[in-house]
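Shared between the two complexes below is subunit A, which has subunit B as its partner in the first and subunit C in the second.
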Partner chain A sequence: MKLTTTLLTSTALTVAAGVAAHAQDMANDMTLVSWGGAYQASQQKAYAEPYMENNPEVSIVWDESSNEAVAKLRAMNEAGNITWDLVDVVASDAMRLCDEGLAMEIDHDEALAAAPDGTKASDDFGDLIVSDCFIPQIVYSTTFGYRTDMVPEGAEAPNDICDVWDTETYPGKRSLEKRPINNMEWALLCDGVAKDKVYDVLATDEGQQRALDKLDEIKDDVIWWSAGADTPQLLADGEVFMGSTYNGRLFSAIVEQDQPIAMMWDAQVFDLDGWIVPAGLPKDRLARVMDFLNFATDTQRLADQAKYISYGPARESSAPLVGKHADLGIDMAPHMPTDPNNAKNTFLYNYEFWADYRDDIDAKFQAWLAQ
Partner chain B sequence: MSNLTVDIPRPPLNSFTLPLMAVFAGCFGFVVGNVFAQPLIGFLIGAAIGAGVALLAHSLPRSRRNVRLGLIVVFGLIGLILVGPGALVAGLLIGAILSWAAYWLGSGAYRSSVPTYYTARQTLWHNSFLFICGLVFFFLIAPLIPVIWLSFNAENFFTFTPEMLNFQAEGYSLKHYRDFLGTEEWMVPLKNSLIIAPFATFISVSLGTLAAIGLSQSHVPGRQAIMAILISPMIVPLIISATGMFFFYAPLGNWLEATLGLNQSFVGYVKVILAHAVLGVPFVIITVTATLVGFDKSLTRAAANMGANPVTTFFRVQMPLILPGVISGGLFAFITSFDEVVVVLFVGSAQQQTLPWQMFTGLREQISPTILAAATILVTVSICLLTTVELLRRRSERLRGMSPG
Partner chain C sequence: MSNVTDATTGAGEPVPGDNDTQAAKAENGPVMAADGRPLKQTLRRTLRREKMRALLLIAPLLVFVVVTFIVPILSMLFRSVENDIVQNTMPEAVQALQAWDEQGTEPPGDEVFVPLYFDLFKASEAKQHTQAGNRLNYEQPGLSSMFRSTGRDFDDMGEAFQDVFEEIDPAFGKAEFWYEMLSGEGGKALLEDRRALYAAMTGETMSGDVGFAPSADMAQMLPWTTKAYTDFAIWTAIKENDTVAEENPWEAVYAALGQDLRSPETVVAIAGYSGPGAVALKAAAENRDQLPQDSFREMFVASDKDWESVQAWRTISLFSPPVTAGYFLNSVDLTKTVNGIEARPETQQIYLTLFQRTMVMSLIITGSCILLGYPVAWLLANLPLRTANVLMILVLLPFWTSLLVRTSAWKVLLQQQGVINEILVWLGFVDDANRLILMNNATGTVIAMTHILLPFMILPLYSVMKTIPPTYLRAAKSLGATNWTAFWRVYFPQSVPGIGAGSILVFILSIGYYITPEIVGGTDGVFISNRIAYHISSSLNWGLAAALGSILLIVVLALYWCYDRIVGIDNVKLGG
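What follows is the complex of A and B.
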């Protein structure tokens, strides 16, 4: 009996030797920071649960603090007490954190898995690696949803971004995000500026004023939101006719909650969301995070996430693997912002522009709001 | 006492009951009319109905019960037919209130609880006072009702669906309670809250009671200043304390982890518990100081005279007498820690997520009615707790013969 045990143990040890030697210097607790809600649940199911199945010794705690990740990381850094291991942020926050030295620079090819066909990670992610610290996960879009039962009789369903301004045909409140990004671009588009000229115009004082003047036309009809959950709630209440929010939130309200809402998709603005690793992690925790990161951003895992939420995977090699919704069994591809039917008229968030002009335009926008 | 009763004369119908009822019912009509976007017409119809009810009550003073029942049913039916099952409840309520008011005013019962020599103005004030008291309770409790109601929503939004308003079974579900009780997302924070709050309460009660006793001795130098410092966490804006605590506890935690080799999560709990204990101390000090005012100092001297040392005196003589103050201070400290979100957001890390933290982020990120289910459970539990404590207190007072009741 004893012999068998010893034999078994030693066999197991030999098999596990490669892994064990590796695993010994890894911490077993990990704190992941994300956005909560359906998005975090999709990460939990697609990344964390399979990882913990492979590594039962690991326990993962989630912190729903991505909204204030920049401020909190600054404070943690200042206090010398970094309690987070991996942080989910939007691309612009990742760039700020990278510039401030709060996020670690990553060698994407070394840290991340190659695609199944051998394409290097940096090629597979391509342009989406907008910063050296940023590991992209998904492409999401900010777009409009509207109440189908509130479309006036005889009118066509709204299908143009400028219908947001058309309060005569489509009476009712609109909900817009309480920040200039996206709103200023949409305003200029509807004021007759060509799509490729929007940022040139917005770079001038007159252009900014022009956008604000356009927004002024509907200011009385706007409810301003600051959390992604606001617009779905307002739409479900019938308090607004149409509102902008992240496409995954609208998907959840339409398909999973069965609300009388439809997507508009026109002039949707693409943005990226992904991981950063905080700078200055102790060695054992860093080793664990890098191991998890390698697993959680491989081709299959990114495609798996799309089973739970309608955000497009950031790897090119993941796109063909996107399948059906995990519970409802519907095809997810037509709900992706990147689907050709939805992406007829799109807009890419311009990181360089907003990095340069954000503070300035923010101040003007807030002053305009307070008028 | 003799059986002397004074017959209260019925007030005049035309100059008193009728106009008052018309205005009163007109207010209801105004609210109902608002639903149909016709507040003024609603007011007029309401006034007419009010006058009618007053007339009816005036002409049938004897058969009060039957008239009231009939009116309630009629109003309920009107609501049911005009709007739907949801308005049935509203109709029943309005019928009950209006018919009660008609008899209360019409029979002169509004004067039954004031002495007969009261002037009209004094009676008016007496009844308005009661009315204001009722309003205070209403405004305290009313906001809880939609919260409890919505927690049984079958949808994932904070929305009263038409099914809910019509009291149809498919509009209601217990799924948010299942979410609360069945997922780690809520059970872990609940567990954390139940770890942190009792420890923090224990520390603040022990230290706060000792501090209050010490500060009640007249020979302690700088009593006022010490008191002011100890109470300051209650006065300083919480966000300021929280920022300060964050920078104070971070190096402390690092030191505990580095030199004593303690587990990171354990150190996290210690930090949050200490921070919450500091917030709870002022409540204990204030309540205990208040009970100490009524404490007879000669009892401790008598105990000393009989040979008891200060510790024995404290536990055998002083503690039992100030116990009510200690307990209510402890309750406050517990609730402070259990409800606290700002400090724990700063000082704690994700492993110490408490229930208010989870509610706060949940409300911001996903607006899910699970929060309402959590709130309903918490409200119910705290009502039960407070009732139990109060019943126990009364029982022990009765046993000790301290209370006449």
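What follows is the complex of A and C.
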């Protein structure tokens, strides 16, 4: 009897000590930063909820600050108080954060799970690891949607990026993002520049002027947007005939809200979105984040996210696992920007170019807008 | 004076029978207080104590205002001229660059590229080199990637030397070999110099025991090597918490030894050297022609050809001093070149337009607020209390609603398929094909901002009008004035202080607005604040944002001063 008690007690103590040690190693609170809306909801359902089910002691707080993450992280760093644990940013922001030393460099093979067939994480993500600090999650694209009921009679539905400039065949306003990125490239493509020469041309003053001159042709027909939700709204209100935005936003307007809108995938521009870990986290918080990160970026979890939103998973091994929409039950694959039917003509965003020329071209673009 | 005397003596404890003495003294000599000290002194002390007590009472507020208001404004002003990042990141290169001729057509040679390599290698270990690149990129596009891409090649440049050294003598590959060779006496000053440079670069104190002291003799014989190794030692010991003697040195240390061996004096000195590592050093000196022979400039240019560009070097040289007017020049569409200050190319001029537009549109908004607010305030002040209260709630209700909600509501109303256009088309006032463009332009900004800022005009007007007795108007009329004369000559002048207060509030608030213009302003309805917000949150060019903000602050203060001169600030009333 006595022996049993002792044994039981010591076992209990060992277990308790184990739990305590575990709890000491990892913090239980985590602040994740994302974009809000449908995208954050997809992360919540695909990553956060299953993780909290496995680790009931963890509580996760979301902060919808991704679009100003770089500025806020810089301010936090200057104040010496990093309150975020994991931040969702687009690839170009990840590069800037890495450059500034605000994001932590990650050994992708060590920190992230291998694919089920044993492929190393760095090979599974492949070229999408555009920065040492960046852990890709999804591939999204910026592309055009148009009102199907506003296509003039007798005209074909627009299927060419240059239809944006063709205001004779397709009258009506267009909505474009109020920044040079993507617009300048599309303008040059429609001004007859070959796809692989676009950035060479755009690096010169003449090329930049050429793109602005091309945009000038439709300047009076453009409503400029600055939030991703603007274009779907403008399309739904019939304010514009066609407009650019992120493909997931158009997906939800078309499929979930049943608006008379269709996608025009031509010359869609691929971009990446993913996680970064802020530099300088305390050990216990870092341990928790890395644990979560390993879980949230494994093959299954990335594939799961595609059940809720039409963004392509960043792992090659996740693609075959993409299934049906969680609520509507429709097949998600044809709505992915990476689907072969949609990706007939795509354009690759050049991070390095925009990191260099962003300020300069933006100044010219804004000056042009203000004229 | 006599009053004060009375008060003081009254407050003190007058000794009975002492009055005569006091009176006598008051006639010839200083007046004394009850305790025998001069009255003036006692009074001053009492007043000082009162003042201190008053100061203590307002101290929390004072500290709060200083900490949350004055300090941020000062730090913003400072940021708009601060430029020490270039000098802190590459101190020795910047120093060497001073001898370079900016007007010339040749990029600098190895006298700059050698210190540049060691400065930037060190900075890249601390992840600082890209920040300097980003700073310079604001002035010339392309410099950011030049620093970043070359930063990736620094290790390779050093390894090219390392491989040859290790082939010449395997001892070069051992951590303790370097430690023993370079440790010694007399190098304390060098260590502290390098530590100070690190502290400036990282913004941290870098204090603590390094566990290594460079030898003065070695610093004499192998200057680059000793410096590079000392940098490595400080970083290893303090930032990475490793033992210096056990860690293999950076690739840069090998490159430094290679650079040292390029000097004939060093080769001669090594021949006569017999301290630790002499054998390996002599072997290296003898076989120095096996080492990479490219100059550092050639290595940099091989990594990124822009290092050869004179224009890039001019930019680096122009923006290397710790204080710059560059941000302020940028914010008034000027730029600094080697030939002095020049206007920016016309395609890039934007800020003066925006400043001007911000001022003009804020004035229009203030004017329309006066036009709309004045009758409402008059109604509020003159209706029976019950009706006025209902009206007041209507004025305040939008005031309590979120700014974003109100602006978005305007979007619904103003857009081309929006409520206003639909009604106008339905009524037949407007042709369906030519609907009014009421938003995404300056009109939209004026409409939405007038509505949003209207309460700030109505409330001060109301509180001033409330105090104007209605009898004045009646008196004027009874003396024969027409309605208009009575209003214009009697009522209006008394309400001017309210207009003044409302106008200042509305004008200053509208100058700083950016959310509403961003949402409904399109391209020609955005303000300077939108660019400030862009530079704070998107381009991260905080220096330029600070300069723009400072200019805005100065303009507002100047306008305030003008207002005071013309109208008089005493004529502003926020209430009764």
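Simple rule for what comes next: the second predicted complex is superposed on the first by the 347 of 371 C-alpha atoms of A that agree within 3 Å, B and C clash if a C-alpha of one lies under 4 Å from a C-alpha of the other, contacts with A are read in each partner's own complex, and residues count from 1 in each chain.
The definition used in the following text is that a contact is a pair of C-beta atoms (placed from the backbone, for glycine too) under 8 Å apart; a residue touches a chain by one contact, two chains touch by 3 or more.
Everything numeric in this text was worked out from a predicted model, so none of it was measured.
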| query | Touching A:71 in the superposition: subunit B (first), subunit C (second), both, neither? | reply | second
Where does A:223 make contact in the superposed view: on subunit B (first), on subunit C (second), on both, or on neither? second
Discussion item. Touch test for A:62: subunit B only (first), subunit C only (second), both, or neither?
Written reply: first
Answer with first, second, both or neither: which of subunit B and subunit C does A:257 touch in the superposed model? first
Next item on the list: Using the touch definition from the top, say if A:80 reaches subunit B (first), subunit C (second), both or neither.
Entry: first
Tell me which partner A:352 touches in the superposition: subunit B (first), subunit C (second), both or neither. second
- Task: Based on the superposed arrangement, let me know which partner A:366 touches: subunit B (first), subunit C (second), both, or neither?
- Result: second
Q. Does subunit B (first) or subunit C (second) touch A:99, or do both, or does neither?
A. second
Exercise for review: Quick one: classify A:194 as touching subunit B (first), subunit C (second), both or neither.
Suggested key: neither
Check: subunit A residues flagged as touching subunit B and also subunit C 67, 237
Within the complex, subunit A is touched by subunit C residues 126-128, 130-131, 133-134, 137-138, 141-145, 148, 347-350, 353-354, 357, 415-418, 440, 518, 522-524, 526, 531, 534, 536-541
Contacts from subunit B onto subunit A in the complex sit at residues 155-159, 246-247, 250-251, 253-254, 264-265, 268, 349-351, 353, 361-362, 364-368
So, in the complex, the side of subunit A touching subunit C is made of residues 67-68, 70-71, 74, 96, 99-101, 173, 178, 209, 212, 223-224, 226, 237-239, 352, 355-364, 366-370
Residue set of subunit A touching subunit B in the complex reads 29, 31, 33, 35-38, 61-65, 67, 75, 78-81, 83-84, 227-230, 232-233, 236-237, 257, 259
